[in-house]
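First chain A sits with chain B, and in the next complex the same chain sits with chain C.
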Partner chain A sequence: MHDRLTQSMRASHLLALLFVLASLGLAAIGAVTGDTFYLRLGTEALIFAGLALSVDLLLGYSGALSLGQALYFGIGAYVSALTLMKVPSFWLAMAAAFAASLLAAIIGGLIANRVRGVYFALITFGLAQVFAKVVYNTRELGASDGMIGIPVIEIGFGPFSVSAGSPVGFFLVVLSIIMGLYALTAYLLDTPFGRVLTALKANEKRVPFLGYSVWRARMAAYVLAGLIAGLSGALYPMLRGFVSPELMFFATSGNAVISVILGGVGTLIGAIYGSVLLVILKSIIGSWTEHHLIVIGALFMVCVMFLPKGLIGFVRPRIEALLMRRPQAGPALAEPARLTPAALKSGSAS
Partner chain B sequence: MTPVLDIRDLGIAFGGLKAVDQVSFQAQRHRITTVIGPNGAGKSTLFNLISGALRPHRGQVMIDGVDMTGAAPERTKAAGLSRSFQITSLFPDLTVAENLRLAAQVLEPAGRAFLPIRRSQRAMAKTDQMLERFQLVHKRDELAGNLSHGDQRRLEIAVCLASEPKILLLDEPTQGMSHGDTADTAKLVRSLTQDVTVLLIEHDIGLVMSLSDHVVVMHQGRKLAEGAPDIVRADPAVQAAYFGHH
Partner chain C sequence: MTSAIIKTLIGGLLAATALSGGAFAQSGPIKIGVVTPLSGTYTPIGQQVRWGLELAAKEINAAGGVAGRQVALVFEDEEANPAVAVQKAEKLFQVEKVDFLTGTVNSGSTLAVAQLAERNNKLAATTVSFADSITGDKCSPNMFRVNARAEQQSVALAAWLAKEKPKAKVYYLGPDYEMGRSTVAAFKSSAEKTGSATGGEVFAPLDSKDYTQYFGQIRATRPQVLYTSVAGNDTVRLLTQLQDFGLLSGLTVVGASGTVTSQNITAIGAAAEGFATGVGYSPQIDRPENKKFVEAFRAANKADPDLYGADSYGLLFAYKAAVEKAGSTETDKVREALRGLTWQTPQGAKTIRAGDHQAMQPMYVVRVTKGKFDIIDNVAAENAIGPDACTRF
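For the complex of A and B:
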């Protein structure tokens, strides 16, 4: 059967492949020219792309707008930073961030999933702000200054190791983790489990009468999104060597939502493109004027008005159409055949 | 033999209004039991109480001998009860086949939940079977939201049936249908009793009389009468309360 989500995901995967190839190409150029600045900026864009990915899972698939996804990003970042300062191990830091964001997302989910719609957006916003303020005022966590002095770590992959201090090396590590998270999310959405999550967006009221618990499905989506945000956040202190409460503030959550809308809600890969686009825009426009947020705000409005499905939302259907055309044996033959009475009667032509 | 659905003294009040009050009846296996009554008699509320959309204030709902009173909809569904809605409730952004497969997914063993969906062969087979049976094969890849009203109503029933329930609650399946479609739907509902027990809400009296094995008449939240269609029709109280309006 034609499964539209499977099909559109195929188009997303092609765009993901394109993204990886472009990233590898740029990374190679960066390595050859000995660039540091742009590789680090690109790595940061990828880290925030992970946060945007988690927002799109909630908004684009299960239909819940979270305005506080930075909470889990920040928790991942802080827990990773704290772990690294005790034991400079990449895997331990990732495991600790995983556990912490899992726990936090379960607690946050229990609170936020009591409501939906606008109230869900407000509660997620409030949760993140409250927690960020607590961190902001906790001296043990560096209070408003955040924490600095996180050691540069060696990331071991069996016999190989990459230094987080190597711009191109760490870029590649982050690229593979973020694309891994993308692949995992895309895989899960294409399972029966994932289809129940997407059913929430389509018609939540009907879901329990098909035999699925809405609460469980919403919790699953929320916790999964929290984990993705947390794991992405865990990479941040490895890149920048510090964490600050700003990582949990609304600006961070809001940027992720803007990235998703720029890239295309419900396209998954659009979150990643959107995030990179936002970072590029910020740094280019920021080099012209201090008031770059005004320009970005205006661009965002233009995008919402004239490209409401976002960049990938606009491009992807065209790629889908291309992908659809190829496997069928000659459209020139199939078209007239469909018009014969026999084909109409048999019904299941095409 | 225990009745497949046993409603005992069911009641709920909204504020001071007793929307459903002391309603008891049984639905026998592979029969069509129809609930009739004027607007506001409490028929849809009764369905909401049985399917778990509302929690009753008193009484019991027994499904196949198991007490499912006040259980959440997903639990009554798991107990074998499936329901349709008076106002079509489909997944408009999904195709016809995807709507059916989503419902049929519950037939898959739990371990399949995290395997790619194309591996859910039982759900796929059930989807094909439903498309065939409800004459929706040629519409399989159309968005449910783009179907005609009649097709949507049929898909609504097919979605309910795709999960292989024991009991099917149909809330006005012919609502808004043309004459021809209504007759087709009646035939369809009759054919369903091979597999399921049907509990029906229906307004078309001709249809009720020809289709039902058992009729329950409701009036102002209470059960006014029940019995075989012709006996119920002859009941003077029923005539005064219900048929008198027509």
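For the complex of A and C:
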């Protein structure tokens, strides 16, 4: 009874499981060797993976390219920072970041969702730039210097607590939050709501004929993406102890888009792999030569030319094939025959 | 691809452990981390920082090193972005195990790195950032500043202006961001204290291509003096456009020390004539130590040192003096040794004020004459330093 989307998402989930296992393994090595830098770099990569995930939700599913997703990441980071400086509570900071990015995403969505395609990309870009400039020039928010002095907090889970200053502890907290966001997004995309989004990307004009509101679906996807970016951003000041307006600049949004393209658009887990890969590459190549931007640019071009579907987009069909070959996939093999006429019809109509 | 990532990470982790194993050795070189912009808009400043430090390290090593140990510099590109600076600084502290850190240019990076140094119990210094907050309300026990801060520069310049053009009407044009606004505010308060009147002020976005839109406002207030704190290529555009519109005649242009530097003075050309600023350094300073430094710098880099190069050069000698006085590279001992330290630099003796970790130094007023900066006035260190506003330690 599995259709193509479910099939490929199962492959994504397998890759997600691999990712978690690899992360846990590396965290264990890091904990044993007493490493700090690589664990914290990994944590930062995961935080930016959350941002990339939100870009992929928009780009890969509803087909809207956001060039300003760092706006919500930044709002999450600043609100979390401001909350933590008043009350050093993890849950309060996350709740405040959730509320602020929800509100901001609703307002941003009302503006951006009036237009489509390249205009949507430009509006999201503009919104983020305007907001970043406002923060950049607001002395109460630290202006161009940003804000320092965000305390190292204790994160309480019932009777247990983890310090954000503990490299391995905070890595695991961030890993579970980001993978939780991945799971939530993957689940939502598997519901009828997710199918409407996929339909939007395929052919937006036909969606109203099926009885769905295009605007409502686009808005829901936009707000959800804003929330994911905001919650990821909220983790940043806990890790680094400061926020600066650069977090909202185009470089941050642009890196997220590059991560998604590198990992594979529309694969969700690709965004996470892509982001981790980009952060590691930047760190290694950046230490090696000051011309790191040229090297990363060239790698990106090679990737777009030879792996147009991204790394995960390249790997995933092979995993799907593996999953299909397993015995329980037997009855599903009969499905394509029944699906074909419908597929043909939609092909000729568009 | 997963395995590639894992391999990279494991490789990194192994490298990290291998390095941490050797960190106990007190006989190896003293490692100094340099997190400075090597790409992007601030590259020319990062270049001067790098040249200054490299020259100082070469001279110190040739003379036997610091307490018998050689100095090794480890560079990282911070892209003038605090988020990158903090990540790179953490790498230098944790993986490279550097003993000391310097190089940050924009004040956001310096402040964020100061906090990181505190959390890693290491020391850091800036040789470039001049925002007053770094040794003021946001001072850190682990951060030192060996260059002149904004207040020192504006006090020196205002003192000269009061003599040169008493009770002049001043118009202010700054770059539209916090640092631009704070430099304008600082100079305005210094200038008003010495009797100047304020004609008006305007803030132009960074990287403005066209400044002529502000010229109407400037002309309308008929100022005798224009103060500006734009920098880099913005200065080139501002001053050449002012010249093209004939606004420079009868107008004294003064500015921040980073406004006209050896990096952009050639591009500005004749439009830079008469520009005056307050600085902590000029290659013209008539001292034998400075002549020797300028010659060595030119020979090594085929370029003149500017204030960033000279202050970075001087920093390593402060660190050398402090480590030798402390007899150790331990954070607490070196911090104690740096507090109140007086040492010789190309621009004269500097003293680190113990109360806020700000270097006190003689200040100079320089003016562009025939494409070169000439020293026209100086202010003693004690008169330019301003009050200690740091309350944290």
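As a working rule, the second predicted complex is superposed on the first by the 326 of 350 C-alpha atoms of A that agree within 3 Å, B and C clash if a C-alpha of one lies under 4 Å from a C-alpha of the other, contacts with A are read in each partner's own complex, and residues count from 1 in each chain.
Assume a contact is a pair of C-beta atoms (placed from the backbone, for glycine too) under 8 Å apart; a residue touches a chain by one contact, two chains touch by 3 or more.
Nothing here was measured: the structure is a model prediction, and the numbers come from that model.
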Inset, instruction - Sticking to the clash and touch definitions up top, decide whether chain B and chain C on chain A clash or fit. - result: fit
Legend entry - Partner chain(s) touched by A:R206 [first = chain B, second = chain C, both, neither]: first
Legend entry - Partner chain(s) touched by A:V315 [first = chain B, second = chain C, both, neither]: second
Legend entry - Which of chain B and chain C A:A143 touches, first, second, both or neither: second
Inset, instruction - Mind working out whether A:T6 is in touch with chain B, chain C, both or neither, as first, second, both or neither? - result: first
Inset, instruction - Report the partner of chain A that touches more of its residues: chain B or chain C. - result: C
Legend entry - First, second, both or neither for A:R195, with chain B first and chain C second: first
Inset, instruction - Considering only touches as defined above, state whether A:E246 meets chain B (first), chain C (second), both or neither. - result: second
Inset, instruction - Working from the superposed arrangement, determine the closest approach of chain B to chain C, counting only CA atoms, in whole Å. - result: 27
Legend entry - chain A positions touched by chain B in one structure and by chain C in the second: none
Inset, instruction - Please give the residue numbers of chain C that touch chain A in the complex, ascending. - result: 1-2, 5-6, 8-10, 12-13, 16-17, 20, 38-39, 75-77, 81-84, 86-88, 90-91, 93-95, 106-108, 111-112, 114-116, 119, 131, 133, 138, 176-179, 181
Legend entry - Of all residues in chain A, those that touch chain B in their complex: 1-6, 187-188, 190-196, 199, 202-203, 205-206, 208-214, 347-348
Legend entry - Contact set on chain B toward chain A in their complex: 51-53, 72-74, 77-78, 82-83, 85, 89-95, 97-98, 101-103, 105-106, 108, 112-118, 120, 123-124, 127, 137-138, 140-141, 159, 163
Inset, instruction - Show which residues of chain A lie in contact with chain C when the two form their complex. - result: 15, 18-19, 22, 25-26, 29-30, 33-38, 40-42, 44, 136-137, 139, 143-146, 148-149, 152, 165, 240-242, 244, 246-247, 251, 273, 276-277, 280, 283-284, 286-287, 290-293, 311, 315
